[in-house]
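Each of the two complexes below includes subunit A, the first together with subunit B, the second together with subunit C.
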Partner chain A sequence: MNHRGGWALIQNTWQSWIQHRGFFFLLAFGWMLPLLVYLFIWSAAASDGAIAGLTQESLAGYYLILILTNQLTYATTNWTVGDNIRYGQISRWLLQPMSPIYHALSQEIAGKVVFMLFSVPITALLALIIRPQFNLSWGQALQFLPAIVLAWGLRFFWGYWLALLAFWVTRADSLLALQDSLIFLLGGHLAPFALLPPGMQTLARLLPFRYMSAFPVEVLTGQLGVQETLTGLAIQLGWTVLAIVLYRWVWTRGIRHYEAVGG
Partner chain B sequence: MPEPIIQVKHLTKVYRVPERAPGLGASVRSLLKPHYSDIPAVTDISFTVEPGEIVGLIGPNGAGKTTTLKMLSGLLYPTSGDAQVAGYTPWQRQPDYLRRISMVMGNRSALNWDIPPLDSFRVLSQIYRVPPDQYRQILDELIATLDMDALLKKPVRNLSLGERMKCELVAGLLYQPDILFLDEPTLGLDVAMQRRLRTFLKTFNQQHTVTVILTSHYMADVTALCPRVMLIHHGSLIYDGALQTLAARLAPFKLVRLQFSAPVENFDDFVAQWPAVEQLPMENGLRILRVPRADVPQVTARLLESLPVADLAVEDPPIEAVIDQIYAEGVL
Partner chain C sequence: MRYLKLIGAFFKISSQAELAYRVNFFIRLLHSGLNLLTGVLSLVVIFNQVEVIKGWDMPAALALLGVYLLLGALRGLFIGPSLESVAGMDGEIWTGTYDFTLLRPVDQQFLISVRHWRIFALVDLAMALGLLIYALVTLGTQLTIGMLLSFTLTLLAGVILLYAALLAFSALVFWNPSFLFTWVINDLFQLARYPVGLYPGWLRLVLTWVIPVGLMTTIPAQALVGTLSPLMLLLTLAFTLAAFLGATWLFRQGLKRYTSASS
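Then we have the complex of A and B:
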């Protein structure tokens, strides 16, 4: 472990990313759009009365918080891992006395700061216009903390191990696109969990994708009971541990397979 | 006699490369039934390097030079064989080992292109845990010897190739590694910049007793820096020793340049008396003869006594010509 180097790296990456803030603001805006579309669709659908216990205002609140948590948990870094392997960029990180995952983590942390610089004010502005309804409590906020941290960890490590398959196959990033599609379907983007048909609810409950994005929002907005929250956290933790184990396993094998291309 | 710092025994690397014929049909077929072939990149090479040595690793493109360096720096697992560098097995990539080596690649950047080099240096000093005083001292030394004050605050992407190479060297040296692997450090640089880098490397090696293995296609790098060369061809080490000896072994000839004070009419017939002596095309009005080393005294003596010689010079053939010959023929 080399935390001193990791911290220096985070500062540096942040400096470098802030140089391209325009690009990242546009990216953040792009991610926001589909969720805004669904916000308006479901708000319109609920204009005559609550659906599955969700009112127009609480749906708006759900989606606004989802916009933020989605950006907090979205692991942009994983999209570059494959290219770094394919084009041999990872070589320079392997030469350093520090695990290359620090480079991914530093980009993650630096990225979140840059994205939040854009997304927090925009979401706050939208909240002033749409006037959503939040049922927030300290208890929910307290449960939200582990849920959001695990959601980020799960989404990051799950994408990371998929991206590391680039050691063997050249376009592993198509698996990341699949992960995103499943998050869109099962992770509360297309519709909140409560509005999904029963079959999809079961899938969402078992598979990791809901726990990467919608689960913390459901916890924060009080859609889940204590029992459901605890079960959810346990499943989320289980998937996260599995993702980390898979990452370690793929990494140690991939690195042996690495051909250090170029130069 | 100190222990060798680098010990390489029977190191071998075979790449498994997917292969397919060009065209859409072939690409579909290769999808269903991929075809691989084993390409040996490095075959059974063994050598040792003493602390403080500068060794030139030479050979044509694709000979296995970079693959060897990549194994020694821990980037590649060998297919078989063993290497011990400073007491470590490189491909285990222990942090303590990585702190003692540096690999500078002429075609690969270790710097973040968006920010000024000084920021990258600071991060590297943290990653390599260089104490602040020591960092300032070595940085001042490197910046002064490489004369690069003006570059430090510009983003790396705005630097020229030569300027960037200076920064790459600083990045590779600021934690004072004991062993330096230089892969084509002068690639693409102009002649003046190449010479400066050579002078710098020589001085740095003497002042810090750093062990250097260098690959280069510029023989000037090798002649200026490396008393010892290792020649790799088709993955095998075919020569390991002094550069001069290599030249002598490869080119058992000397070049005799002649200038006459009066026209010589039957020069061709005169040369024909020695079947082993070959006349090369004239250069700047000078006659050039390629003479076997053993015959040089006798030939020059006869030339001097029989012909109106104004000037006579005996030279070794240029090293490029010698190397070119092995690269083409692949034998010593």
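Then we have the complex of A and C:
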């Protein structure tokens, strides 16, 4: 496998995306807004006192961190992989002497750099206005690292294997919309895990969607005990391994099925 | 009469084009269903924790969600697709094909506002009306003729305000064709999902009198719940008229700047 070519591609994509930053800033702005809505709604709900142990200030802190981690783990490439398969773009990638996953990875990395250029200053500004409260510690930050890396891996590979179904079905991107809805409901966007009704909490604990977005934030803001964090990390790791296995499996079968038309 | 006939023709042409892709209907159905489901579930989760937020209870918030979905459906039915084709991504102003639109012997603003229809958005419209009727029934006992009348008036005002905002943001493209202004207003419209009174003071002012997405849904819902003062009703109607005239003016000014695009 040619890793040097992959690194060159990563740099290339990143620099080209920074040129078109206006467009990507707009995307980042769009992802930020729904989370801001729920930040304000829960702040209003908690204005008469804490709900389930969460105060107005800690809710604000939770959502501001979630805005950043959500963009760090959101895999935009999964939306374009399907198009590339449908339009035959992927033929060219298959001929290049490196794994086609580098194309997805290069866009992932480029995306994170450009989105953070917009979101970090805006979130910092919002923090000055809203005055959130963060209970951070070095221990939590240390546990946060594996949680956020796994969250990205899980969300990326889970969306990637769904997107690869485009080898057989033309509108596989609907499954990605379904995934986004489930992340919204169970992944801590609509409400932090602690505020969900018991039934949804059970679903959130078992299904992969919470581990794609809210779990690292819960770890970082100290909402979880040691036992809960370790169990969460184990479940997260399990789903990530399954997602990678599924990706490998769908990819090898899809490639055999694939044929391009036209030139 | 001629204008009505034109709308009929536009609707027919758009529908014929879209009905060719039948699978898309089921995909639309899935997306519309998800949209309704996440909307209602959000309210269930929120009001499971608190009974009343700043004077809004579950039935009132449900009515507001109905208004929001109704406006969103109308936007998706024709306002959005029509204006997007002119000012959106790869729109006519950007590519220069707007030349051909300008040559048509009919009022420009009328033409660009009603030209493209998405027949599948009727599904959203039906779902929104269903939810609105359900909310009306749960509010049931306290409704008077006067409230229904002011609800109809303010709902109409909401539609006109939404149209005016979309038109104004589309018109800005004449000044800077490469920026997707229509995306900004689409993003901001999400804030109309909840009563404007739940947002912090500074944001409430902006969302009421600057970018009036707050007025669009909160005022009709207040009319239904009976908390709308006659003064606010008059102010909303006057503001709607001003917004419509202002957006029309801005569009005409922009039109004068159009110089086509050539390569």
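The working rule: the second predicted complex is superposed on the first by the 263 of 263 C-alpha atoms of A that agree within 3 Å, B and C clash if a C-alpha of one lies under 4 Å from a C-alpha of the other, contacts with A are read in each partner's own complex, and residues count from 1 in each chain.
Please note the rule applied: a residue touches a chain if its C-beta (ideal position, glycine included) is under 8 Å from a C-beta of that chain, and two chains touch if they have at least 3 such contacts.
Because the structure is predicted, anything quoted here is derived from the model rather than measured.
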Partner chain in contact with A:225 - subunit B first, subunit C second, else both or neither: neither
Touched partner set for A:98, first subunit B, second subunit C, both or neither: first
Touching partner for A:190 - first (subunit B), second (subunit C), both, neither: second
First, second, both or neither for A:30, with subunit B first and subunit C second: second
Partner chain in contact with A:88 - subunit B first, subunit C second, else both or neither: first
Touched partner set for A:8, first subunit B, second subunit C, both or neither: first
Complex interface listing, subunit B residues touching subunit A: 15, 66, 70, 73-77, 93, 95-99, 101-103, 105-110, 112, 114-115, 119-120, 122-124, 126-129, 183-184
Contact footprint of subunit A on subunit C as seen in their complex: 23-24, 27, 30-31, 34, 37-38, 41-42, 44-46, 48-50, 53-54, 178-180, 183-184, 186-188, 190-191, 193-194, 198-200, 202-203
Subunit A to subunit B touching residues, read off their complex: 2, 4-5, 7-9, 11-13, 15-16, 19-20, 88, 91-92, 94-98, 256, 258-260, 262-263
Contact set on subunit A toward subunit C in their complex: 22-23, 26, 29-30, 33-34, 37, 40-45, 47, 51-52, 129-130, 170-171, 174, 177-178, 181, 184-185, 190-191, 195-197, 200
